[in-house]
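I have a structure here, written as structure tokens, and I will follow up with some questions on it.
To keep things simple, chains are lettered A, B, C and D as they appear, and every chain counts its residues starting from 1.
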Amino acid sequence: MSFLEALYFIVPTTIAYAAPLILTAIGGVFSERSGVVNIGLEGLMVMGAFIGIVFNLAYADVFGGWTPWIALLVAMFVSALFSVMHAVASVSFRADQVVSGVAINMLGIAIALFSVKMMFGKGQTDFIQKKIPRVNIPILQDIPVIGPMFFKSVYGTSVLAILVAIIAWFVIYKTPFGLRLRSVGEHPMAADTMGINVTKIRYTAVIISGGLAGIGGAIYSQTMTGDFGHATINGQGFMALAAMIFGKWHPIGAMGAALFFGFAQALAISAGSISFIENVPTVYFYILPYVLTILALAGFIGKANAPKANGVPYIKGSR
Amino acid sequence: ACGTDKEKTTSKGGNESEFSLAMVTDVGGIDDKSFNQSAWKGIQDFGKDNGLSEGDGGYAYLQSKGEADYTSNLNALTRRNFDLVFGVGFLMEEAINTIAEQKPETNYAIIDGVVEQPNVASILFKEQEGAYLAGVAAALMTKSNKIGFVGGMEIPVIERFEAGFVAGVAAVNPDIKVDVKYTGAFDKAELGKAEAGRMYSSGVDIIFHAAGGTGNGVFTEAKERKAADKDAYVWVIGVDSDQYDEGQVGDDNITMTSMLKRVDVAVQDIAKLAKEGKFPGGETKVYGLQDNGVKLADSRGAIPDDVMKQVEEYAKKIADGEIKVPEFAK
Amino acid sequence: MEHVIEMLNITKQFGNFRANDNITLQLRKGEIHALLGENGAGKTTLMNVLFGLYQPEKGEIRVNGKKVNVTSPNVANDLGIGMVHQHFMLVENLTVTENIILGNEPKKMGVVNIKDAAKKVAEISNTYGLNVDPYAKIEDISVGMQQRVEILKTLYRGANILIFDEPTASLTPQEIQELIGIMKKLITEGKSIILITHKLQEIMDVSDRVTVIRKGQGIGTVITSETNPEELATLMVGRQVTFKTEKGPSNPTEEVLHIENLVVVDYRGVEKVKGLNLSVRKGEIVGLAGIDGNGQSELIEAIAGLRKVKSGKITINTTDITGLKPRKITEAGLGHIPQDRHKHGLVLDFSVGYNAALQEYYHAPYSKNGLMDYDVISEKAAKIIEEYDVRTQGVHELSRALSGGNQQKLIIGREVSRDPDLLIAALPTRGLDVGAIEFIHKRLIEQRDKGKAVFLISFELDEVMNVSDRIAVIHDGQIVDTVIPSETDEQELGLLMAGHSREEREQQVMKEGADRDV
Amino acid sequence: MSNRLIKILVPAISIILGLLVGAIVMLFSGYDPIAGYIALWNGIFGDSYAIGETIRQISPYILAGLAVAFAFRTGLFNIGVEGQLMVGWFASAYVGSAFTLPMYIHLPFALLAAAAAGALWGLIPGILKATLRVHEVIVTIMMNYIALHVVNALIKTVSGGSYKTERIQPTASLRSEFLSNLTDYSTLHYGIFVALAMVVVMWFILEKTKTGFELKSVGFNENASQYAGMSVKKNIILSMLISGAFAGLGGAMEGLGTFGSMTNQGGFTGIGFDGIAVALLGANAPLGIIFGASLFGSLKYGANNMPNAAGIPLEIVSIVIALIIFFVACGYIIRVGLQRLNKKKEAK
């Protein structure tokens, strides 16, 4: 592969790989910025992936080409609903948020697989026919070098992911809600004395995280596998969690981290086909993305500061 | 087995003529679209043919959620007094070996593995022979003279696929280079997709996958390319079972063919022998082209008849022993 | 007389414990009303009731004569009540403006209009002479400015009734003066203030009336001009309290702490201690006076081994401890009552017993061969509890549950009971009531009299003047002068702290004299 | 109601609630919950064989739970137990097969190798956290994937291209003829004693030793610990090391006990991730972990009996387990409920 060819492969692959992670990680940013640890992202993604596929299969005839997009919405809705469980436990019942998150993970996959069994009588769903298409963006695709890298056969969902990152940044840093969100995650009691409803903000944030993780899962299943089974979502939620921390609980940072994971993955794949290193044992390529991540973290990122009140239930009047 | 064990044992003792069989799946489950499903189909077919019903005394299966379940599942079926218990997958060798020693009066069979015990029949397939034919077909069908192979993990079975496939391609045209890549996993669709994307981008037009769930990603990539451009010349060759359905893109289908591994055939064969009292205990039976153990699936017209004819010639030569397909990748 | 606030017969209970028992407090329009009581007397609780954070079991609240039901801080805000909390309610990583507008954000098309808000903040800030930078982040500004931000928060919401809960506990004398000025200005604007403080002099200086509570019960309200600090202290504690700490003359002997040309940088890498020289001898208390931020924290941390020394030398008892690990320094003879008791002083989630052993757990008799002996530790803890009057349920109670004053007594007990040759006491009485302060001062002097060296860091000139035998004045990372308390006054100290040398001061006095002559 | 009673009642009620909701799900899906639970019960306790297998399943869960809990007690979140367990498994299988030694050396050696391998895998995130303040959650997640691929490559290398390591020598085996016979040929092995011994070890380290005191102190307040002369770095590293060693021993349960070898791993074992739930079910306390692991292990193993004895899909048990964990997490509200109930009673 020539260098440019490699780039034409690496860039789109990076973005496609990253899209579900970006959305999910940003979901995590919302939740944890409000002070609710969310390691249930994996389970929320599972729910989204499952709903996305099931809806797509059931309504492909009705909605035609729009099906996968509507499936994203439905997945968002259902995962958001599912995340209410985590919110109730973490915010209202003062649960240990890690335990609740673990329960969400286990419950997500269990419910999804049980439902698949009930609906399809087998371990995985059928394949969807209406997939999220790749499109060439007119005019932009003709720009030399940049065009084929960014604007040729891109998923609409990748554009969506990047848009969501920018919107999330805007919401968190520019709007009253964002200001309140950040204050609740840092110092809920201060927010409370300013008349902010800590419970409401935290519920909202967790539900947003559920919705975004749901979209993330549905994007994954509708672009990568085309069906849903026990292995469809298989650690992506944890990778998103890592991206969120890597990105220092900042939406653009999380997007950057997710893109970095995608890049490392794409790099490993393309490096494996460069002829002069063909004799390098494959295991080095398998672990390359993960090693790169650790090195990047150790190299230039350093300490990441979690929101101060992250993981601590807010109990009115306690000090 | 809730307290039914004892009464079963007695009832069973007086009814020798009945023959019952069961299987333990590996983590895939009976609907994995792969060899577990195929084995279960074999058992069901045998059951139907012999008037058995599902349940104790007829036929049954137990699903494993992890390696740790193999022994206990085999044990459970043994306790339920099945006459013949299949273990599906090479990972079950150890477990079968252990239980066969403990329960010499039950017969066992292992699929894809070898266990040397007098009450165990070992069933192997010549995946390389089927893969060879897939390679021949691919080499005859390629327009770019670039062909890809996407493997899951680097384990002996998958390496047999690779060996046969590469040999098959070379037999037709030694100049065609097969781009061989393993993804290191059977469950990472995104890697299969990315790998396939890289291959197709580099000019490969046909990819044979032996990568389980990772292979889903290969299909996805091919379908996307087909959907974007109806005239795109991209193909996938499926594995284990007929993956035609996976390849459907609107009115087109990108599944060229699939290399079938007829576990069902082998299961029925062994079961029949056992029922007739000719159970091949201690033996290893290898099912190849000749025994209908491996073959290419119906291409539904994707492969033109003249090409199909040439493929069949190769098949005949293999069956006759004229061509020896290598078992190990270089 | 018109009452803007009337809290009548308020009772607030936590479980079976009555934090407020039938307390009445009436605030007149335009007055500064002090609320006085020991640590844990129930002052904060009463104010939290007024601010809507707690709901009282009994009693009623009237605002401008009308009965109200303050169910939440929002209601309090609407009634024009603002509160500056004892522990700042500021979000550290937000800016001043963001903290102020939180919950009440001006919007432009759904977006927070920071520019307008900042302008308004600056306006109010100027009106009251608060001098805050609207765009600064809270974590970057001084405690004094944070305090002023808290005040701005209430003013921004148009509060007319302001509650200040111990606003001066962590301020430097200069900042306290500024704050008093601000309060007086607020009064002239027609606002009314409830002020909680443990510093009786402040009460005498600014308040119009004082309400005293003791152990949750109202003792009564007196008019400030008709009382004096001694009477107030007696009302509050229920016994006589001595103010002027009694101590004999000191007999310093050998040098214990010796610091030579010490240079230390802060976390940003900025030099904060710049070639400092200092010595503390056995049998004396050296006080370090200075304005916050002149290198005090860095100096202490460097001595304790918590911060790297850039250059220079520190010795304790002839051992060169420069660059040694904290443990080695402790073993060289250092005892340290840290400035921040929650950050450094205690493991709040450990029991009182564990905390009592925090410095000594690693050697016999507290542990042997790598194994802890918790019985011995409990015994020791029980002794500290008894000797230092730490009010706690027992050695197994979590330190978190102790009040600040008792946490401090626990730390002092732990450090002093080890009998260190050098005891560093950094702001040891911050936020404590007069009774507790008296107790702690006695302990420090007791150490001195036993022939130990004591190094006291404090922002309170009173304390430094009363307790020390010598006062070293720090300015800009250097000791500008060392003075004897009996030979100086607050004014001179103040000038030294501001960086003027003694000669300058003398010249100034002479000049003033000359001016007068003319 | 005494505090102790409430402490016992909360998990008990959580379990009952979990089973109850599970029953409702079964009813709505057209299954018979009573038959289902009978099958589950029999799957766990039905006969000596089932009991043996259940206990065998519990052993690695205990160790994984200890690993997670130990790190938690020092303020660290070790999501890397999965990877540490895998390298431990490999190390034990390798040492077990590659050497010929008398049993009293071989078995301890193999166990030690597993612990050391796990410790090494924990050491890396530990060092990165201690020296560069890199968040341990990310590093441990990454280390899991690295472990998976490295172990698979190592299996291939040491076995000369095969997919599994050679069988361990009997001298390194935890298998026990005695225990196996006692439980009707189950695979129950001596590992459970190793696991229980480690429970004692964890309790001992935390509650009795100086090291434990330091580890807990650093976990609660790094600044105060530093002030008290403890080395924060050393304790963070040590904590990850010990945590990893527990996880590595969990791997030895599989390598020297259940399987006697290691085959190519197609994915994570899941034991490490379940360890998080086990630890938290047990409130990160040694005894609690035995409870958590027993609950987890029995439900997981017993579930296998549900499809064949009652025709109910396995997944329903996963739902029940998840619900139980969820209700345990919500212990606060259960406690409040109990206290209210109590008050009412007292009032009467």
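Rule of thumb we're sticking to: a contact is a pair of C-beta atoms (placed from the backbone, for glycine too) under 8 Å apart; a residue touches a chain by one contact, two chains touch by 3 or more.
As the structure is a prediction and not an experimental result, all values here were calculated from the model.
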Next on the checklist: Quick check: more C-beta contact pairs at A-C or at A-D?
Outcome noted: A-D
Checklist entry - If every chain is reduced to the average of its C-alpha atoms, which one ends up farthest from chain D? => result C
Checklist entry - Centre to centre, by mean C-alpha position, how many angstrom separate chain A and chain C? => result 46
Item to check | Gap in Å, rounded to a whole number, between the CA centres of chain D and chain A | outcome: 28
Item to check | Whole-Å gap between the CA centroids of chain B and chain D | outcome: 34
Item to check | Whole-Å separation of chain centres (CA-atom averages), chain B against chain C | outcome: 76
Item to check | Contacts with 2+ other chains: residues of chain D | outcome: 149, 152, 267
Checklist outcome for this item: chain B touches at least 2 other chains through residues 154, 184, 186-187
Item to check | Of all residues in chain A, the ones touching two or more other chains | outcome: 231, 234, 282-283, 286
Item to check | Chain pairs that touch, as defined at the top of this document | outcome: A-B, A-C, A-D, B-D, C-D
Checklist entry - If you look only at chain A, which of its residues touch chain C in the complex? => result 174-176, 178-180, 182-183, 186-187, 189-196, 308, 316-317, 319
Checklist entry - If you look only at chain C, which of its residues touch chain D in the complex? => result 304, 306, 325-327, 330, 336, 338, 343-350, 354, 358-359, 361-362, 367, 370-372
Checklist outcome for this item: In the complex, chain A touches chain B at residues 1, 5, 8-9, 12-13, 16-17, 121-124, 126-127, 129, 131, 133-134, 153, 220, 223-227, 229, 231-232, 234, 265-266, 269-270, 272-273, 282-283, 286
Checklist entry - In their shared complex, at which residues does chain D touch chain A? => result 25, 29, 77, 79, 124, 128, 132-135, 137-139, 141-143, 145-146, 149-150, 152-153, 267-268, 273, 276-277, 280-281, 313, 315-316, 318-319, 321-323, 325-326, 328-333
Item to check | Residues of chain D touching chain B in the complex | outcome: 38-39, 42, 46-47, 49, 53, 57, 149, 152, 156, 161-163, 167, 185-187, 254, 258-261, 263-264, 266-267, 269-270, 300-301, 304-305, 307-309, 314
